[in-house]
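Here is the structure we will look at.
Labels for the chains are A, B and C, by order of writing; each one numbers its residues from 1.
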Amino acid sequence: MTPLTRLDDAVQPSAPPAWPSTGDPVVCLRGAAARVGGRTLWRDVDLSVAAGEFVAVLGPNGVGKSTLVKTILGLQPAAAGEVRVLGGRPGRANHRIGYLPQRRGFDATLRIRGVDVVRLGLDGDRWGIPLPGSARFARRRRAAEARVAEVIDLVGATGYAHRPIGQLSGGEQQRLLIAQALVRRPALLLLDEPLDSLDLPNQGAVAALLGHVAHAEGVSVMIVAHDVNPLLAYLDGVVYLAHGAAVTGTPDEVINGPALSRLYGSPVEVLCTSDGRLVVVGAPEPPAVHADRHADRPSGARDGSR
Amino acid sequence: MTALLGPPFLQHALLAGTAIAAAAGLVGYFLVLRAQVFTGDALSHVAFTGALAALAFGLDARVGLFAATIGIAVLMGALGRRGRADDVVIGSVFAWILGMGVFFLTLYTTTRSTANGAAGVTVLFGSIFGLSGAQAGVAAAVAVAVCLGMLLIARPLLFASVDEAVAAARGVPVRLLGYGFLVLVGACTAEATQAVGALLVLGLLAAPAGTAQRLTHRPFLALALSAGLAVAEMWAGLGLSYAIPHTPPSFAILAAAALVYAAVLVAGAVRDRRGRSRQHAVT
Amino acid sequence: MVPGEPGPSWNPIIDLQLLWSFPFMVNAFRAGTIVAVLAGLIGWFMVLRRQSFAGHTVAVAGFPGAAGATLLGVAPVFGYFGFCLAAAAVIAALPRGRDAGYREESAVTGTVNAFALACGYLFIALYKGFLGGVNALLFGNFLGITDDDVLALLAVAVVALAVLAAVGRPLLFASVDPDVAAARGVPVRALSVVFLMLLGAAVAEASQITGTLLVFALLVMPAATAQRLTARPVASLALTVLIGIVATWLGLGIAYFSPYPIGFCVTTVAFAGYLLAHAARAGRFGLPRPRLAGGAT
């Protein structure tokens, strides 16, 4: 049995909240609401993410975490309130956003190298094909190849980037996809459950990588996650969505009994194991122990139903 | 110079065949990549019915070919993923469409006194040696247009095929590209039907593309290789068919394509096994 | 459907008497019924196992088989059975990843399909004067079925159905949930091979009625229609057979009274039934167990 201690006692008298910071926000939601299929997923959400901050979006299944990401991308209009991304309306500056959608991974027969997938993140939206051997574009091409190599090195995928991506493991694919999202030097990185389907060592490694990207490279990172534990050491802020509302703050402010009890409207306890893992107890669906998939995946993925 | 290339019918076949093969290779690469080979199959069935319907109503077969394949391609695009999800539905619908083709074939042969009883066979199995100079010119022009269209959309289409959600978030018009691609598939199928016939189009679309994806993992190299292989196989088939009597060109083209693919698959399997045993030896 | 066959008299009894006054029509009905039963039952499992692409490939292999047999002066029946069973054996021998391998598999299958048809075309080209027979091979023909043919069809069908009855229950288990079935000791792989051989036999039989290209009419459409209407296996199997027989009989009747090939008629009737089942299902949306009688008969 793992010895558990009450988190509230352990961390309550901690440092004053360092988040949200006062810098120019990269993402800013004020009184925002999202409605999908006539159902309001969440409303009155206030959120501000500054440059170089690492923020996790947590909450139980079907609560609209992925919808929040799509709202920021401008793929899903906000039903109410104001949403500003990189100083403009959502969708206006998507070329400065690196996006990693929720996915299952590539199937084994996709015979495309990892480096090509990363390269598509750089120039995949340009028409035509890359012209072979044209001297005029040689310098630009060399710069592009150097950037791809650099970002693959950053995520530590150099060893396998030239193998077909379908034959790589889930963790290796995930690193290459993060490289793809980073290759254009985005100002904001949006990741939808990048830790899903990874084993624990890989979860830790990817979390550390994202923390490095945020704090050393100054990229704002928003990550949708089921399990906050692998991220906890690196997070600046947390958005906890539940029951149509959200609590935002530092991890310590949000992931504690009183705050989550207010959110759920029923008693919720947050327990801390001896190795520092958090366990939410009493919530309708405890996020720290559940790892099953979302119900609100894009409708296109659920086909063939009878 | 032209005498070197043999009699006029062979020159016409080479002209049309080269352009059609290049288009089929380019289109086929994306069909295989997007796992839409069945779509190509379905469109070839439609091509058969379209051509015979046009003949039955006294029109040029090519009018029916292009109208049917492009129309159905757009329809399949509108149905979207639902349209390609269930192979039972696709199989049933297109078996029926083939049945309709037979209906039109019977209508054609029974109502038109000038009708040629072998029209059905021609549409099903192609008659590339029967192309006139003008027909070959038109076929080549359309095929070149298909090639140019494919090259224009190749990179965003690759992005959308590999990574649809990210491409959409980055502003690639994913849906529009899907439509555009299907229209090109339809045009290419209609073109290739004239060369190798509705039933054999699938081989020309699938075999070079499958071979190229086996040979390299670099997408644009594979795209070029697919088109190159298709052209080479087309030439080999036309040459064989010209040299060996009683060998239909469609068969020779398909045989060349299938043989190359089979050889590459076998070589790959042998290499895989050898590589695995070497790995075993190391560990 | 209409309550009788469309024909000159529009009286089903008189029309049937007319049809059955010709020995070749009687044989056609016998053969059609045998084929409909076998193809329906095997096709039901095929739809359940999502192997319709494999069925298509096996069917296409029948075309060079029949054309090659004609070229060699052998009865096409042998060509159908030889090539369909051989194709089924080849498919069974190929390693089969479950959802992995779809891209490669579809490229290979497409190539094999087209190449098989090309071979058939070569045989026809080599056998001059056979050009009119192409349509019969591809789109079906019900004329000239002899008593011996019917006996051969019946013998194969009886053997195939006996095998199917023997392996039916484990096959159902293995089709629905292969992993659990394997864990429970069901020989999933062997069953898959057996099933593909049965499929080869069923396709070879169906090809002789509907033609190589239209076997889906008897193989897939009745099963798809029945599975649309009911989820209970036994009722669904029975309905499949019923729909198959009705489609065949109506198709034969229409083909006799019209100039159109049998394949087109059977396909159209079966497809109409399929559409009706969809419509019936959509019309009664929400009802948990739709009544069966309305849709197909």
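Heads up, the rule we're going with is that contacts are C-beta pairs under 8 Å (C-beta built on N, C-alpha and C of every residue); 3 or more make two chains touch, one makes a residue touch a chain.
By chain, with names taken from UniProt: B = Zinc ABC transporter permease; C = High-affinity zinc uptake system membrane protein ZnuB.
Since the model is a prediction, treat every value here as computed from it, not as a measurement.
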Name the shape of the chain contact graph, picking from line, ring, star, complete and other.
complete
Measuring from CA centroids, which chain ends up nearest the centre of the complete protein set?
B
Name the chain pair with more contacting C-beta pairs, choosing from B-C and A-B.
B-C
By mean C-alpha position, what chain is farthest away from chain B?
A
Separation of chain A from chain C, taking each centre as the mean of its C-alpha atoms, in whole Å:
51
Euclidean distance of C-alpha centroids - chain B vs chain C, Å:
27
As a quick test, compute the distance in whole Å between the mean CA positions of chain A and chain B.
41
Could you pull out the residues of chain C that touch at least 2 other chains?
102-104
Return the residues of chain B touching two or more other chains; collapse runs of consecutive numbers into ranges.
33, 213-214
Residues of chain A touching at least two other chains
110-111
Mind listing the chain C positions that touch chain A in their complex?
97, 99-105, 228
Would you pull the chain C residues touching chain B in the complex into a rising list?
47, 50, 52-53, 56, 102-104, 106-115, 117-119, 121-122, 124-126, 131-132, 134-135, 138-139, 213-217, 220-221, 224, 259-261, 263-264, 267-268, 271, 274
In the complex, go through chain B and note every residue touching chain C.
32-33, 35, 37-38, 40-41, 87-89, 91-93, 95-96, 98-100, 102-103, 105-106, 110, 117-118, 120-121, 124-125, 197, 199-207, 209-210, 213-214, 246-248, 250-251, 254-255, 257-258, 261, 265
Touching chain C in the complex: which residues of chain A?
107-111, 306
Spell out the residues on chain B that touch chain A in their complex, using ranges where they run on.
33, 80-82, 85-86, 151-156, 158-159, 162-163, 165-172, 213-214, 217-220, 222-223
